[in-house]
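Presented below are the structures under discussion, each in the form of structure tokens.
Across the two complexes that follow, chain A remains constant while its partner is chain B and subsequently chain C.
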Partner chain A sequence: MSEAPQLKILITEDNIADCLIINKLVKDQGYQTIVAHNGLEAIDLFVKEKPDIILMDALMPKMDGFEAAKRIKLLIGDDFVPIIFLTSLNDDVSLVSCLEAGGDDFLSKPYNSIVIAAKIQAFKRMVILHRTVQTQRDEITRRNEYLLQEQKIAKKVFDNVAHLGCLGASNIKHLLSPMSVFNGDVLLASRKPSGGMIVFLGDFTGHGLPAAIGAMPVAEIFYDLVAKGFGIEKIIYEINQKLNTILPIGFFCCASIVDINYSWERIKLWNGGLLDILLKKNNGSVRPFKSLHLPLGILSTKEFNAECVEYDMKVGERVYLFSDGIVDLKDSEEKEFSLNGFADYLLKSDDSDEVFLHILEQEKLSFERNMSNIDDVTFVEIKMISEDVISNKHRLVQNSDLRGARDWSMSFEMFNQTIRDFNPIPLMLHITMEVPELRIFNNDVCMVLSELITNGIDHGLLGLDSQLKNSANGFQQYYNLRNERLNNLSGESLHISLRHLPDATGGVLVIRVVDTGEGFDFRAIDLDIPKASQMSGRGIPLLTRLCESIVYEGNGNAAEAVYRWEKTQDNNLL
Partner chain B sequence: MSIVSHLSASGDVMKIGIQGRFDFGSHQDFRESYDKNDSNVKEYNVDMAKTTYLDSSALGMLLLLRDHAGSGAVIKIINCNKDVFKIFEISNFDQMFEISAAK
Partner chain C sequence: MNFEHLNETQINELALMLGDEFPEFVRTFISHSGELISSLKKQLYTNDNDAFVINIHSLKGSCRNIGAEQLANNCLQIEVVARNDTIAVIDPELMSICEEFNTLKVTLLKLARI
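And then the complex of A and B:
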């Protein structure tokens, strides 16, 4: 037989003559038969032989058909084994009790071979259909379990790569749906080695694995470049290039990125394809920052624009980033929970906890109303705080067993075009981190490097006055002037030299930056901790706390910082 | 959701009308609407007059159409309602496509 395998039919009949007749009828149809003579035997054979269809006499000794049917139905479980009652009872009540006992149909005696053949044929079709469905169901269940297992593993890998970074910081609050991995949202935050932090919120096209896969290189590039001291534009540039290379056409990543600078109380923002970034100001107003760029991954490096918007952000002010899902939230009046609505809410409320509760409530409502339609919602609030307090404790470190570079010096000189286009800090940091014991002081070293280099360029070469930054529109003016003068640089250079030498107690890193500018009156600088109004000074008071010494020479166009670390006396200290 | 496309008699303008939600579910239909014998097409008109919703996969599909059209053809997205237009605005797709709102 080409189709289903031969069906096995259990015939249960106490009357020998009837039994012979029906057995012959069924066999003649080409089925295999087994025979029981009462209910108990039927149950026994059912268990042993696993028949496909059961023909069951109603009235039998020892155990009747009704009882046997009930028990067999319990044993059947998920399978479908039709029970057809054979009965000479004709009244409605008896027929109903056949069905109530779990029977699927009945055949009235005397037997009619055509009717028997037709009924068995009909049930055979149902048995086969049921089995097909069951096989498919089991296959789907198996595959689904497999998929869930795979997702679990994938999520673990994902969480290790796209970890939450410094999202736990006290000035960050965020909302990230637990399913976010597979619905395309990615939220990353990292402290910059020079102080402050960068937060990245991305929303990939589509859902599921493709979105999650795209998020991994983004996270890797992000954490790697932030740690190495690269600026936000470079990071955005690199991420776009990577996504442009790996994502198929039609896939991209909408993103909002914010770089927060505590010491200057400034933010830099880039928004490509996400909802307005909102800044809640201390005066109660809300400043939106529109998406000015195409999402990441669409444009080639040549066409791409990583230009950021800069803005003042005072201590206590809060900035909000959103993923697309937030517009899908509906408010109680059924109208779209628009971002304008949220901005209005932000205007009303000064309490950030209240704002969060509001969002959570909206999400819950939306979820209850329409489970299938909810997009992933990611939401993050970052508060401007004053510069992290830097402790002046001795920098103690265990002597490392790692091989590395401990006694060396290098110098690097940049001329006009390089000064304009190249950020030397990652390169310098890379070299200093070859001293194994210095690695944990990455942040300190980066801060000293950035301050000295920025001073050398901004004040030494470009002659910019940091007082400018204190006025209302000062920052913008400062930056315009900075760009203008950078473009007009000629005949200038900035010379950076680094020297690291171990000594009896640990090691000393000397950072020297010399510019070809006119210099400045370094005696006028107050080396005390800056008051708020002096925050945008040359950052020197800050450096005096990090370094053993800061010395200016010449006209003030040469600065030398000495950074010292010490070995612990006993190895258990760290 | 339904997508209907129509090639002008001269064979150089392809009109694609999108009705209802334009999202991931429209992928196949949208692709089929332009993926025909269209080597002479110089202009694609994507008519959004009856489009009620647009998601990021729809934006992705437009990028696919752009890739398919190549540099030899322009793509105009016309008759966008307020919500749809806003999505194009946020995503800055107007930098890549000619987009116009409903009159």
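And then the complex of A and C:
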């Protein structure tokens, strides 16, 4: 304590003889003293000298100690300046008056030097402790403000990376309720260049910044790969690999991922460690999809399985994804929110607005109860819509300088192993997107490319019958056969050539795919718009709408599509 | 030394604590207490009850502090009367206080070797 600055003590005493004694006693203890002879002087000296402790006589002329103490306490504010009453009054009423005036202790006459020393020493410790606490409090407040400021800036960057993508689409409803600036949940949605969309809901271990930071690479990979036309499995694979590399042991990301295909009215789902994904069907039933995988970021690429479940999803049907925070919610009867309960609710309700209100209400109730352990709550509903509903304005329009490749051709040939292991569509799409004006037609080009290439492989090289895909069981059979035949491929190749040339109104992209297979009866494929019940066979009719011409040659193992684009007003703005 | 009117231990402790300042203290006590007694007489004359209570209380307190118990007790008796708003019955000459104060003065001056 000897290093602490000397404390200043204000003595207020009207009796000069008493004042001499107490002043001497206090000075002998090593404190600095200042003296006032009545209440008014005491207030004046308090303001001017800012003493650390006040000794205050009770009865004084002009203004007594009670009134002076009250006024000084008002001036003290947040600080702690103890007031010790000097008094020979010893009846209870007088002592209560001292306390009511804001007094912290009493010293009674006759003064005892030992008692005075002990009391001042005790208050000195309290004053120092109070100051330390205040300094630390101010320091914490400053640091907290600084941290919040930093978080706000970081959050801006974060939001730019992990943006909401196409979550504003008319067929998506979502609820994101972060419990802090940074959220351990991540919700991403992006339209596929080939039509349809992929929605990713992730829930990282923990809360706040450490949990949120993992969302940045996830979002980057997700948006990058979806835009480039990669399939859902590849995207899940890449995200897992990235998280496995960067996350410390014990940290991971539970995730539900849904790939929605409007033209086939089918969904592909992958659930690693999250609550069941629920599908509310048009017939009123609810189909749950359990987690079949470990969360992302745990398994190495070798052990990891990105295999998805495929399922029919008709127009108007809705799929629900949840983060784990939702189970922390309690309803009005204090029962915990259960997924089964929610599924029951879904069974009863056909109104999706009502479903959302139900969840919001429970969230509000939980929040009002100020549940400290509540997790971030994220909830999303995606409705299957028919392809036509999606307007061009949602298409990916990438910024472009006007320089680019406009007159060129290229060819790419794949052999057995590459045909089996490599998806050429992103690469081909990447090259065609070097034509700046074509970027807005990304979707169309991707669809044409994938149809021709898929047909070349599936029907040309593997001899698969697309009629198989007309039934739900057939789908599985189709994919089993496909895998089997891909593994046994030998001596085959697939040749893709692309050529782009500008013309007066826009440009022409010619896509030619030639396979070494035995060919297939392309004439058997109905070129008219298929009946709604047909699951497959939609590909080629769709192409005839998109392309200026589509020609199959020979046995059907050479296909050439001519895609013509025209400059529109929008295009000139690019 | 005649300690009839002073608590011996207390005044010795005070003298020890004040050291060189003790004679100055005694002078201050005597002059300030004399002033207080004059004020008290005036206040009896003007019937100023509040000021009388403050002053008699102050005098009593300083007497206690130096161990002048007899004088402190004489003050207390009068303070109690004054607090009951019956200032009129108090001896206007304050004989009990003045006589005791004079005796105390002699003792204190001797003690301080003044």
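Structure notes:
In the analysis below, the second predicted complex is superposed on the first by the 509 of 574 C-alpha atoms of A that agree within 3 Å, B and C clash if a C-alpha of one lies under 4 Å from a C-alpha of the other, contacts with A are read in each partner's own complex, and residues count from 1 in each chain.
What we mean here is this: a contact is a pair of C-beta atoms (placed from the backbone, for glycine too) under 8 Å apart; a residue touches a chain by one contact, two chains touch by 3 or more.
Just so it is clear, the model here is predicted, and its values are computed rather than measured.
Taken together in the superposed arrangement on chain A, chain B and chain C fit without clashing. In the overlay built on the shared chain, the residue A:N15 is in contact with chain C alone; chain B does not reach it.
Touch criterion not met for A:E492: it reaches neither chain B nor chain C.
Angle at chain A (Cα centre) between the Cα centres of chain B and chain C in the superposed arrangement: 80°, in steps of 10. Judged by the touch definition given at the top, the superposed model places A:E233 against neither chain B nor chain C. By the touch criterion stated above, A:K24 is placed in contact with chain C alone, chain B being left untouched. Applying the stated contact rule after C-alpha superposition, one finds that A:Y111 touches chain C and leaves chain B untouched. When the two complexes are overlaid on their common chain A, residue A:I298 makes contact with chain B while staying clear of chain C. Shared-chain residue A:S88: touches chain C; no touch with chain B. By the document's definition of touching, of the two partners only chain C reaches A:P61; chain B does not. By the touch criterion stated above, A:D324 is placed in contact with chain B alone, chain C being left untouched. Of all Cα pairs spanning chain B and chain C in the superposition, the closest are 59 Å apart.
Shared contact residues of chain A with chain B and chain C: none. By the touch criterion stated above, chain B contacts chain A in their complex at residues 24, 56-57, 59-61, 63-64, 67, 90-93, 95-96.
For chain C in complex with chain A, the touching residues are 10, 13-14, 17-18, 21, 25, 28-29, 32-33, 51, 53-54, 57-62, 64-67. Of all residues in chain A, only 203, 205-206, 249-252, 254, 272-275, 290-295, 298, 324 touch chain B in the complex they form. Against chain C, the residues of chain A that register as touching in their complex are 14-18, 20-21, 24-25, 28, 59-61, 88-89, 109-111, 113.
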